[in-house]
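Take this structure first; my questions come after.
Chain lettering (A, B, C and D) follows the sequence in which the chains are written, and residue indices restart at 1 in each chain.
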Amino acid sequence: MAMMKAAVFVEPGRIELQEKPIPEVGPNDALLRITTTTICGTDVHILKGEYPVARGLTIGHEPVGIIEKLGSNVKGYQEGQRVIAGAICPSFTSYACQDGVPSQDGGCSCHGYKPMGGWRFGNSIDGVQAEYALVPDAQANLAPIPDGLSDEQVLMCPDIMSTGFAGAEAAHIRIGDIVAVFAQGPIGLCATAGARLRGASTIIVVDGVDQRLEVARRMGADVTLNFRNVDVVDEILKLTGGRGVDASIEALGTQTTFEQALRVLKPGGTLSSLGVYSQDLSIPLGAFHAGLGDHKIITSLCPGGKERMRRLLNVVASGRADFGALVTHHYRLDDIVEAYDLFSHQRDGVLKVAIKP
Amino acid sequence: MAMMKAAVFVEPGRIELQEKPIPEVGPNDALLRITTTTICGTDVHILKGEYPVARGLTIGHEPVGIIEKLGSNVKGYQEGQRVIAGAICPSFTSYACQDGVPSQDGGCSCHGYKPMGGWRFGNSIDGVQAEYALVPDAQANLAPIPDGLSDEQVLMCPDIMSTGFAGAEAAHIRIGDIVAVFAQGPIGLCATAGARLRGASTIIVVDGVDQRLEVARRMGADVTLNFRNVDVVDEILKLTGGRGVDASIEALGTQTTFEQALRVLKPGGTLSSLGVYSQDLSIPLGAFHAGLGDHKIITSLCPGGKERMRRLLNVVASGRADFGALVTHHYRLDDIVEAYDLFSHQRDGVLKVAIKP
Amino acid sequence: MAMMKAAVFVEPGRIELQEKPIPEVGPNDALLRITTTTICGTDVHILKGEYPVARGLTIGHEPVGIIEKLGSNVKGYQEGQRVIAGAICPSFTSYACQDGVPSQDGGCSCHGYKPMGGWRFGNSIDGVQAEYALVPDAQANLAPIPDGLSDEQVLMCPDIMSTGFAGAEAAHIRIGDIVAVFAQGPIGLCATAGARLRGASTIIVVDGVDQRLEVARRMGADVTLNFRNVDVVDEILKLTGGRGVDASIEALGTQTTFEQALRVLKPGGTLSSLGVYSQDLSIPLGAFHAGLGDHKIITSLCPGGKERMRRLLNVVASGRADFGALVTHHYRLDDIVEAYDLFSHQRDGVLKVAIKP
Amino acid sequence: MAMMKAAVFVEPGRIELQEKPIPEVGPNDALLRITTTTICGTDVHILKGEYPVARGLTIGHEPVGIIEKLGSNVKGYQEGQRVIAGAICPSFTSYACQDGVPSQDGGCSCHGYKPMGGWRFGNSIDGVQAEYALVPDAQANLAPIPDGLSDEQVLMCPDIMSTGFAGAEAAHIRIGDIVAVFAQGPIGLCATAGARLRGASTIIVVDGVDQRLEVARRMGADVTLNFRNVDVVDEILKLTGGRGVDASIEALGTQTTFEQALRVLKPGGTLSSLGVYSQDLSIPLGAFHAGLGDHKIITSLCPGGKERMRRLLNVVASGRADFGALVTHHYRLDDIVEAYDLFSHQRDGVLKVAIKP
């Protein structure tokens, strides 16, 4: 049995590189030889035991690779082709998918524990921080990489770009809008780029790290606010002449950012929320206009599927946005434990790390 | 100076019928002789001093009447014509109106006190619980009553129908949807009727008063749940096979109803909120899927304008819905203090009272 | 090899009942024992040789049946279960599906010959006018029939209701709209019912057969116009005070109905087209306001998939609409040639025929 | 009576500069001192007698100016303020406006002659190619120019940008879309810029003048096709791998461009039409997929109002797009007859001319 290396969740606090068998390819699957992958904030939650997964599971959900083997039902691809797949790989057969919400495909309807929609890689099936990985429902999920693009250029597509752009899309941005984005980590930066792509003319971004605010300018931000230096709500209301922003995007998952996003929102505006929250949220009565502000609060989970990936790859290929700047560090898969250590402690200005088997 | 009777806010706890001058008609106004009006829950908040308005202000925002005099700029109407006007009478010249949110026309952008959007009648200008009332921006707001309809038949259009239907419209209902409506007061009943008009095939309604649940059946409810008898969240999840409803409508303004509306909502579904809340809301982490449920939470304030009223009048004229059952009591304007007493104490199964000068 | 009877296209002018092998079930398929099916106008085009299909192909695309055997990958269903499947059974893995247009799944992109979107049953694979039929991509397409509904009650779901309702949905109908529907054959009648379900308050329907206009009243029409008796454009403009309708639905596929649908449309309105046209269309300059009328012209092909079917079945189960009246005739599969003869000549007031193996 | 110079339609073939009284300011008006204006293709149609207006009417509908005097009802502006107003100045009180289609405000519902929606300047009231002009419904239409922007920078906002962007907005462009724009005159160039602002990642533009195609690249085009050199339909289908474009925009008003826009459109795609057609259009059966392609054909007329103008001005102020390159020539108002001569003959590579009183 051929073996491979894979980053495995052992127990809270411990992810290890282990030897595992290269998986068997079912009729609807594709086996990828991973060429580059990366670590996500959710993986850190898994590492810390804050988000529970099965012991022994391979972690990671952002694959860039080469088709090693195709299942018998998968048509229109060739072995050796460079592809990506979304962090969420929907079957597209479920009620949720047919209802226009593929990110919730196969998600539990238990209204309780582990509300992670249709996320499978590194959650309910083995992930992609490994030498090889199986893509389920490959016909619906394999997206060929356009010629001339490097792994690093497309590494953000499976999760970070898809999620960040979803935040901008859900914000109902129109040409000429004023948009505020709260938090400029990788997803917030992509939300900023997405807001620009949708036609926002003034993008105000908020973070506490000046280096991130500088990257934000390259992603399309017009105004950067460091919350350590200014009262961001006051400042944004001042910048908009007291009118509030047309849309605000929350990209962290805290009470503070959510609340600020609401306080700066004009009546009739949209609050697009991307963060993963870890406690009950409070909606302040005044900011909510007692329920009479014609507000929209919309949450989005990372859209997947080959059509979504095709669009994101188009954006990269056409040079509309460049996310190269987000890859701040490189590691070999052999050194992934070290990469987790750097990333989980947010040392050295890390935004995203590229990991190569 | 010709005088008229008007219901006036005197001080917290006291609304009185007083003599006031019949107002002067400006070039963009119309003077209505009120033939029927009614009392709204908001008026009761004013009476109790919970919502502050100027002392001496005429109260009321739901006019049915006859054009007594037209301003010089108002074209296309005739004196003597029977008309209604919306509870909110937008100018339609503001940024908010041109932005597609006319209910917020002229609303403060202070993000604070009195967040009542563009509401003017009985709030920032004299209201309609009087023998005569001025309609501002009359060109945009006068809506002729189709022949053959009684005052009572159209009395719900200015506020109750417009708000309740807005809740159904904002819920993004599609043909065949399962919808839950929480609270079946007048606005909740109209939301139920609205959900039916949008094509919901299963409408589950919740209230604590059996009589209201009976009226709800006539408005289009398929399943009625009395929260005094069942755990409504459990029951609705059971009714939907654990899947949750496609959309839920909140029509009361409390933590309990808001939270229930979220707990029964499927991933990807819409919570449409109509209630006026009186305290900060809490969003439970689990019900919110930690922000990953692709949920939409949308609040709506009563849409106004003659085009909105025209559509609502069409619904009544075509017999698509009959809100006659909502008028449970009749009073003369002279007895309006008595009407307030009945309505504010919700005695005698009152839903709405018709008041005639 | 077990054999079954099937209606087969032999040559232009000839459809015959033949013996064929019961098909083998692949891993993603389901084999249905057909209990009821029907004939569509498209089948008549096939019979006449106007729409070409392979000789020997089993015809028909509207299945009601019982699961005889499930493919190995199909989960969550049981053999013996009563189900339907849409006339178009998308795989939901294609770019078109993921793009929100599943009816075009697998459709050619040749921009030329046989532009029938993703239609497979009785077009590119064997159809359902047979004792048994294979449902492809069964996981995405099998829709259980709610308890208590007869075959006849759900027989319109796979095509007629789905298409007719799609016409109403694409028309962007809002509560209180005035809608005109041109032609009241089975699809036009379902468009009328759909317009009512979306909240249209005045529905004006046009046909040349009084009996169909009578059925239209039962489906929700408020005004019926026989084009043999009145100038329908003049009449509709008169009925709307010269303003035009908010939306018009074309349900036949001729220059005349398309043009009338445009001539009665208000500036800013939507023309929703369902007809299958057989020649180039002409858009008259005046009716089109020279391209300045803010008009929308939208075509729709029958949506499929189990979620779509679930919604339509909900509509039937809740009694929101009753399409029983559309089944005017019953035949045994053995007599299907006779049924084609009746249906293709539109004799005896036929709307739809139920055919039972 | 104070007098001013104005460009007046005298008779077909003759527009002259004449002396006229400076208009009186009504309560809802504003008087602008025009500082810059321009000539539109529609003005040329008027000059040639192809589009009839009253003799003696002042022509022109693209004003940049300074508030000279405000009507008594107009609040929130000051005399001396630099402003623009849209080519279409809706009252926002009409049914059409309240229905979400303000460009059709006050438009005739005659379904016949002069279908120009709500266009007033230089059509039904005196226009702006003059030293002074009245803005009707000024409260809804005056848009202050942000500090630091020149007249030339904002001169495209009233008509060209608003129309061109409307074409992109109506095309339902999503991030990563492939979009084709047919004709690259001023409006087509703005449609190209608009498509880029909405997130299209590949924009293919078509024209017959190389110089315009060069300007198109500066506006955001990725691929330029000169229809004199290539078969544009073949080329675009080749560029999209036979799939067709996600959206196409027609910006000329001819059978050829309309038909090409349809022939390159994918099933499920949107054809957004901006052109003013001068004869009946033909829709070829094959390109239309016989009505089964899930196509959308949408026409748009120039949106107006101060909110629209505010957004467009934001786009210019933020440097998101620069339309300076479109102003190829400058004239004094005194020389406007000469400017008409140049513009109407499309000499000297003219795109737009700036005209200054």
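By definition in this document, contacts are C-beta pairs under 8 Å (C-beta built on N, C-alpha and C of every residue); 3 or more make two chains touch, one makes a residue touch a chain.
Since we're looking at a predicted model, the values are computed, not measured.
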item: Least step count from chain B to chain D, where 1 means the two chains touch; value: 1
item: B-C against A-C, pair bridged by the larger set of C-beta contacts; value: B-C
item: Rounded Å distance between chain A and chain C, as computed from the means of their C-alpha atoms; value: 40
item: Chain C, residues touching no fewer than two other chains; value: 95, 99-100, 310
item: Complex interface listing, chain A residues touching chain D; value: 165, 168-169, 174-178, 194, 197-199, 201-202, 222, 310-315, 317-318, 320
item: Of chain B, residues touching chain D in the complex; value: 27-28, 73, 91-93, 95, 97-100, 102, 137, 139-140, 305-308, 310
item: Residues of chain C touching chain D in the complex; value: 95-96, 99-101, 103-104, 107, 109-113, 115-117, 237, 242-244, 253, 263, 266-268, 273-301
